[in-house]
Amino acid sequence: MRFVVRRLGFFVLTLWAALTLNFFIPRFMPGSPVQALRVRTRNQLSPEKLQQLLTAFGFKPHQNVFFQYFDYLGNMVTGHWGISIGATLGEPVRTLIAQALPWTIGLVGIATIIGFVLGSLVGVVAGWKRGGKIDSLLPPVFVVTSALPYFWVGLLLILVFSVWTNGWLPSDFNYDPDLLPEFSGPFVANVVRHGILPAATIVITSVGGWVLTMRNNMITTLAEDYVRMGRAKGLSNRRIMVDYAARNAMLPNLSGFAMSLGFVISGSILVEYVFNYPGLGYLLYNAVQNTDYPLMQALFMLFTVAVLVALLICDFAIAWLDPRSRAKA
Amino acid sequence: MTALLVDTSTAATAQPDAVRRRGGGLLRAVLSSKKAVVGLVLFLVFCVFAIDPGLFTTVDRPNELAFDPSLAPSSQHLLGTTALGQDIWAQLVFSTRQSLVIALVAGFFATVLSVLVGVTAAYLGGITDDVLSLITNVFLVLPTFPLIIILATYAGKGTLLVVLIVLVVTGWSYGANQMRAQTLSLRNRDFLESARVRGERRSYIIVVEVLPTMTSLIVANFLGAALYSVLTAAGLQFLGLGDPNSSSWGTMLYWSQNQQALQTGMPLWSIAPGLCVALLGVSFALINYAFDEISNPALRPVRRRRAKRSRA
Amino acid sequence: MPSDRVLDVRGLTVEYGTDAGAVVAVDNVDLHVGPGEFVGVVGESGCGKSTLLFAIARLLSPPAAITAGTVDFRGDNLAAMSEKELNVLRWRDLSVVMQSAMNALNPVKSIGAQFRDTLVAHGNAKAEIANRSVEVLKLVGIDPIHLRSYPHQLSGGMRQRAMIAMALLFTPELVIMDEPTSALDVVAQRSLMVQIKELQERLGFAVLFVTHDMSLVSHFSDRLVVMYAGQVVESGPTRTVFDQPAHPYSRGLLDAFPSIRGPRLHLTGIPGRPPELRNPPSGCRFHPRCPVEMGHCKAIAPDLYPVGTSHARCLQHVPAADTAAVMP
């Protein structure tokens, strides 16, 4: 129980830190975003809407900073995220995010999990078969792939599989613009086709890291006495590999997975940009291009929440898998 | 009882010995690893590009629109020209400097910061540790790229300095955790205890006794931070958040994307700068991986030659 | 070949393949254990005793490998068997107890689960598994409720005993122990040894016990084997080796321990350090540290010569008949 409380406490604390950062940064940076806001919307929004916007943004210039701050916190947490002031002027931020969210979760979420699972499995086998051909060839390959920039891999894939093949695999968007979204076979197939290249980009760049860390963990674990004991007890190779080695080697990997999510998210922003994929990353990019502060703020909070939730899930998974961590808390 | 049988003279001097021996042995170990050599060579090539770009191209001002646009590769323009009339190869070579500077400077400061925070937190313990660890973990978890993007935007689409500051601020936390973990494991070792008993100041102990034993970790950290900086800076510039008039690979990518290089049959304009970013990053990763193998012998490639079995 | 022996090792050689060439960690070792016997193997760190143990149990990992010799266990040569064949008799007939239970027990599985997996692997039914697990824990004096506990939840001494309980699941003929008391304090050491001896007398298994603590093991062992630099330098009944050590090294080991009742003597250790196995000294490997080095010891490598009821690898004991062949 104390364990749960501690993790939740950390969650809340970090979220608070993120929101506070988001609140204070514009106030300390040169130039006034509020001015920009005013200028941008002068002819398009009524004074009341403008006021609403400023409030959502946390700016009640005549109000005490602390009140603004608490107003802002309250708004953020309850979903009052204001109105977009960018290219999609007037649209509630909530709607924009709701439209983009499923695409990012679908593409980035699934691709990341594929990368992690695939990478871990390959890593387990590579670590187990030390000294084999696999082990001497693969690691350098994966060292290289894990250092490649996301966007470059995306560009390369577009070049090879889209431009050079005259559009065999689509390089833009999440589905053909002339199709209507529906739950039908052809539509779903179309969505999948559009998702192949971006997903491949994410998997190619992230899988290497997982393979390497899992392999290294396996090698260290295989040197442990309890693995030798497993052999001494006459257990089958498979059982030793799974129950004694992998189950222990996997633990540091899981915590690494959560920590790396921040990096995965940054990669996803670039991937969505390269492929014009209308997910949250693409939304953030557009928000930045158009200095759409309300949208940027809400997205930043969302990204933070996503990482924290994933961390929480991983923490609980580790607690479930590793009896020692339950005791430590 | 059995201590009398074991020569204890080795134990006490083991630490300093190990450090001293590592100096020379380290270089040799690095050179013997193929991966490290490849990485080092790549890195040195880039260094040469950065130090004297003039050696590799006759063009003086690569960003000047001096040539015919969209030319294919030829002996005059090794990689062709951009849609705006710039020599791609020249741009590439001149851009090396900025990317290298970013990688090394941001990497260096991020490492310094992570060593400071990590070692202090572990060595001082108590509330200092709790507070510093909390700060580290919060920074670790904050999604850095969105943060960077937002910071860069608010700061008015960053100059180099802004990019550097932002990279350091977001890149130190990972290393800090590692440093802290390592320092914690060293904290109660005998050689530190003896320094304490001798009455040495804490700062002395940290700098002279603790840090040298963590050299390989610090170097690995630096390489990781450098890699992170290269990729992130390129990503930022690619999105258009850097200085669009500067000379850097990321900016080249920005312009090539802007001008639809892939679709209009000028793939080199996009692929080449990206390849450079990739190669520089790969060089850091290779050296880093070789370091891993050196400090953890268990990870080294297993020699195939085994002892031959003879019939008794 | 005497068929009453549980374990008969002949000419066992183990080499490590390194970048600089093969290093011989165990050099042509002969060893035997009779039914119900307690044999102690003593030596400094790095003398090859643990490697010997793991080689016998076929638990070596690359780059170490057995390059010569036979390991006869109740008629089967373990050194020549495949993993599949080994798995049948592993644990059932031959089990292992390691130095640190914290490292030897799988941290993510409960004690009961770790008993269960080997019981299942050897084809036991569910009911038998439950009963047997409870039985062995009771044997070592641990409350069976701890079948549900994880290794980190037990105290150090309990963990060690749980490991011993696990080793006795199938009441094997031979239990190999690698310094199981080294990680414990003196009091716990002794109580563990007493318990092992009791169990041995009750269940009749043989024990091959490796340690650097000669004084501890000699209270409990039937025979002692002393190792140095990968070779057996002395072996014989415990009493004989203890009272009249035939090899200068064994004597040095024993002289290092003060007798609690004897006169206050000046303690002598053995000067110098154990040799690098990569490049062992020529001739007798102990000659650089030997107080009675005779001049030709650096040129001639001694065999194991009989000395009364024991054997010693020392040129002092060359049998009269062979003197001419051996001396310069």
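Observations on the structure shown:
Here the chain labels run A, B and C in written order, and each chain numbers its own residues starting at 1.
Keep this in mind: a residue touches a chain if its C-beta (ideal position, glycine included) is under 8 Å from a C-beta of that chain, and two chains touch if they have at least 3 such contacts.
Since we're looking at a predicted model, the values are computed, not measured.
Comparing the chain pairs A-B and A-C, the larger number of C-beta pairs in contact belongs to A-B. Summarising the inter-chain layout, the chain whose CA centre lies farthest from the centre of chain C is A. Spacing of chain B relative to chain C, judged by their CA centroids, is 48 angstrom. For the pair chain A and chain B, the distance between mean C-alpha positions equals 23 Å.
Remark: chain A and chain C have CA centroids separated by 54 Å (rounded to whole angstrom).
Looking at chain C, one finds that residues 62 touch two or more other chains. Within chain B, residues 302 each touch two or more of the remaining chains.
Residue positions of chain A with contacts to 2 or more other chains are 130-131, 223.
Against chain A, in their complex, chain C makes its touches with residues 54, 57, 59, 61-62, 83, 86-92, 95-96, 98-100, 103-110, 117-118, 121-122, 150, 152-153. Interface residues of chain A, counted against chain B in their complex, comprise 10, 13-14, 17-18, 21-22, 25-26, 29-31, 33, 130-131, 135-136, 139-140, 143-144, 146-152, 155-156, 158-159, 163, 212, 216, 219-220, 223, 259, 261-263, 265-267, 269-270, 273-274, 284-285, 288-289, 291, 296, 299-300, 303-304, 306-308, 311. Touching chain C in their complex are the following residues of chain A: 130-131, 222-226, 228-237, 239, 243-244, 247-248, 321-324, 327. On the side of chain B, the complex with chain A involves touching residues 35, 134, 137-138, 140-151, 153-156, 174, 227, 231-232, 234-235, 238-241, 253, 257, 262-263, 267, 270-271, 274-275, 277-278, 281-282, 284-286, 289, 292, 296, 298-299, 301-302, 304.
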